[in-house]
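Sharing a structure here in C-alpha cells format.
We just call them A, B and C in the order they show up, numbering each chain from 1.
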Amino acid sequence: MMIAQPPFTTDIVAERAEDEPALIVDVEGFEGPLDLLLTLARNQKVDLAKISILALADQYLAFIEQARQLRLELAADYLVMAAWLAYLKSRLLLPETEEAEGPTAEDMANSLALRLKRLEAFRAVAQELMGLPQLSRDVFARGAPEPIVDIKHPQWKATLYDLLSAYAAQRQKQALAHVELPHRTVWSLADARTALERLIGSATDWTRLDQYLIAYVVEPSQRATVMASSFASTLELVREGLIELHQHAAFAPLYLRKRAAENQADASGRTPPVATNEG
Amino acid sequence: MPRLARSQAVAEETSVTELRPEHLRLLEAMLFASAEPLDAATLAERLPEEMDVEAALEALQQEYATRGVNLVRIAGKWTFRTATDLSWLLSREAVETRKLSRAALETLAIIAYHQPVTRAEIEDIRGVSASKGTLDVLLETGWIRPRGRRKAPGRPLTFGTTEAFLAHFGLESLSVLPGLEELKGAGLFDGRLPAGFAMPAPSDDPALREDEEPLEEGDLDLGLAPRVSRVDEE
Amino acid sequence: MPRLARSQAVAEETSVTELRPEHLRLLEAMLFASAEPLDAATLAERLPEEMDVEAALEALQQEYATRGVNLVRIAGKWTFRTATDLSWLLSREAVETRKLSRAALETLAIIAYHQPVTRAEIEDIRGVSASKGTLDVLLETGWIRPRGRRKAPGRPLTFGTTEAFLAHFGLESLSVLPGLEELKGAGLFDGRLPAGFAMPAPSDDPALREDEEPLEEGDLDLGLAPRVSRVDEE
C-alpha cells in the first residue's frame, strides 16, 4: 500500500463508560469474557484482590443466561468461559478431595483473579502510555529539516594496462575494418596512363617509378591501387615502345625513362643507378 | 514586557553565548538540521576527536531545557523537539491522525511491556482471540515488528516494538515506559501465576532470547515486516 | 543530569534563560515546528495578543546570532537556518571509485597517443562518433585538457593529456608509452595488422603545434575545462 495515511494516535475510541449498567446485554461492547468479568468485578465496587470469585462466576453465568434467553449469538470465547466458571463454581462449592489431581479450586480461583488483575494492570499502563506526549500531536520535530547532501567525489580508476589494451584493441579493429572495406578509390588504367605519359614527357633520364607516383598518392590507403594501376600502365607503355623499364632485382625499385628516338639505337645504353637502400 | 529588561537580558545572554564553545554550535546545527534523531557516534564524526560528545550533549540539553525547543534523547539518539507544554500552541502543526481501536491499544501495550511476546500470549492476557486486523493495524503503524519465532510447538512469531515506537512516544528506552515499575511491583507476575505468566523486563534488544529463533526468509513477505520506510512517509 | 558536570558558562546561561520571557519560548517553538517560514502576522495570530512580535523576533534573532542555528528573515518571513559558516555540516563527502567506460578508455588512449587531437579526429580513429559524455567524463578525471584550437574550418578544440594523467598512470613522460613493437610484444596486437599500420610517437609538449592556435578566454567557461572545482559542487 503506497497511500500515505495519517499517523496513528492512541486516543481511545468507543470507551465504555464505567457506570454503564453491567447487565445490559451488549456483548458487542466487551473485549471478550475477561473484559466482561472485569466489568462485573468493578461493579462489585471492591478491590480486585478481595472480589468473590464465586459471586463473579454467578454474575457472569447470569449474564450469559440472559443473553441466551434473548437468543443472542455469543462468541465461543464467552461460552468456554461460562463452562469453565460453572466448573469452578461446582469445585468451589464441593469439599476438596484429598486425592484430587491438578490445581485445587482455590488455585483456579486465584489464577482467574490474577488474570483479571493482570489485564487491569495492562489497561492502566496502556492509558499511561497514551498519556505520553506523542510526536506530531503534542510535540514536534523540526518542521523544515535541512537535508544532508551526499557529495560523492568520483575517483576514477583505470590502469595503464586497461588503457593500452583498449587502444590496441580498437586500433586493430579499425585497421582490419579498413582492410576489409577499402576505399574504392581506384585508378583506372586510363588514369594511370595519362599521368605517366605526362610524367615521362618531362623526364628523359631514368626515374624511379615510385617517385613519380608519390606525387599522386594522396593518402597511404591509395598507395596500393596507384602502384598497381601505374605498373600495369607502365608495362603497356613499354610494350608500345614508348618507355623503357628497368628493375635490377626482384622487389627493387622500378626505373623508367622515355624511349627517345636518339636512344633507340643503343637500347642497352646507360643503365640506371643501382638502388642501395631504397625501396 | 519592558524593553529595557529584555534587551539587558539579551545582552547578557549574548555575551555568555560568545563564550560558548564552538562544538556546541556544531552540535546544535547538526541536531537542528537532521530530520532523524542522531546518535552520539554520528555526531562525533564531525567533531574534534578529543571532544567528549556525551558531555557536550548534556550541556546542550541543559541549555535548551527551559526553551521552547528541548534536546531530548530518544532510543539512545538525540534530537530537538518542541517543549511538551507548548502543544496547545502548535495544534495547527498537528497531523490528522487515525485512531487506534481499544483492542489495538491494549495489544500495543502488551507488546511494549511484555516483549518479546507471541500472539497466543497476547490473547491469553486479553482473554480473547485477537482479530486479524489488530496486529495488522499495529504493524502498519511501524511501531511493532515480528522479531523472531518462539522455540515452541508451532514456532509462533514473537513481536516487539521498534525504534519508531520509541520515537513516537518520546521514550529514551523501554526502561522508561510509564507505569513499568508499578506493573512489575504489583506482584502480578511473581511465582503465584502459572508458568509462562512471569513478566520479564521488556526489551527491544534485537538479539534473540534463548527461547527465540530467527525469522526466515519469507516471513517478512507476509506483510509482517516492520514498515519503517512507510512510517517515514506518513 | 548531574548539575555539577555543567560548565560555568552553561550554568550562567541557564540562569539567564530562566529569565527569558515566555513568548520567546513560544516563538522558537512555532518557528522550529513550522515547515515553512512564517511572517510576523501569522506568528502574531497564534501568540498572545499583548505580545510585541516584531520586538520578540529581533530579540530571538539576536539570541541565536552566535549559535549554530540562526533565525533569519527570508522574503519577509522568519525561519531557523543552519549558520552559514557551518553549511559544510550539511554535506557528507565520500570518495567513490568509478571505472572508466570502454569508450572513455579508448578515447583517452587516442588522446594520449595522437595529441593534439580534435574530437573529429578521435571519432575518425575510433570509427564511431563520440558520445558527448565521454569527453566530459575524461575532462572530469582531470587527465585531459583542451590545449588549443586547430587552424582549420570550425577551429575545433584540440585535446591533450595533463600531468595528472602521467601521475595516475605512473608515467615519467609520454615518451615512455609503449610503441607498436612493444604492444605487439605484449600480445596486445595479434599480428594481423595491415601493412602500413603506424602509431604516432606521442608527445604532450604544451607548446602549440604549427597547426594550432591558443585557446581564448571563455573557452574554459564552456564546461570544457578540467572540472576540479565543479566536481566539488556535485
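Note that in this section a residue touches a chain if its C-beta (ideal position, glycine included) is under 8 Å from a C-beta of that chain, and two chains touch if they have at least 3 such contacts.
Only a predicted model underlies this, so the values are computations on that prediction, with no experimental measurement involved.
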Problem - Identifier of the chain whose CA centre is least distant from the whole-structure CA centre - result: A
Practice task
Could you find the chain whose CA centre sits the greatest distance from that of chain B?
Solution key: C
Practice task
Measure off the straight-line distance from the CA centroid of chain A to the CA centroid of chain B, and report it in whole Å.
Solution key: 32
Handout entry: Distance between chain centroids, defined by C-alpha means - chain A, chain C (Å)
Key = 26
Completion exercise
Cα centroid separation, chain B vs chain C, in Å, comes to 39
Problem - Set of chain A residues in contact with two or more other chains - result: 140-143, 146-148
Handout entry: In chain C, residues with contacts to at least two other chains
Key = 29, 32-35, 80, 82, 89-90
Completion exercise
Interface with chain B, chain C side, in the complex: residues 1, 5-7, 9-10, 12-14, 16-21, 23-30, 32-35, 46-47, 55, 59, 62-63, 65-69, 80, 82-83, 86, 89-90
Exercise for the section: Please name which positions on chain B make contact with chain A in the complex. Expected result: 32-35, 79-84, 87, 90, 93-103, 105-106, 108-110, 112-113, 125-129, 137, 140-141, 143, 167-171, 177-180, 182-183, 186, 188-189, 192-194, 197, 230-231, 233-234
Practice task
Would you pull the chain A residues touching chain B in the complex into a rising list?
Solution key: 1, 4-15, 31-35, 37, 77, 81, 110-111, 114-115, 117-119, 121-126, 128-143, 145-148
Completion exercise
Listed in rising order, chain A residues that touch chain C in their complex are 140-144, 146-160, 162-179, 220, 223
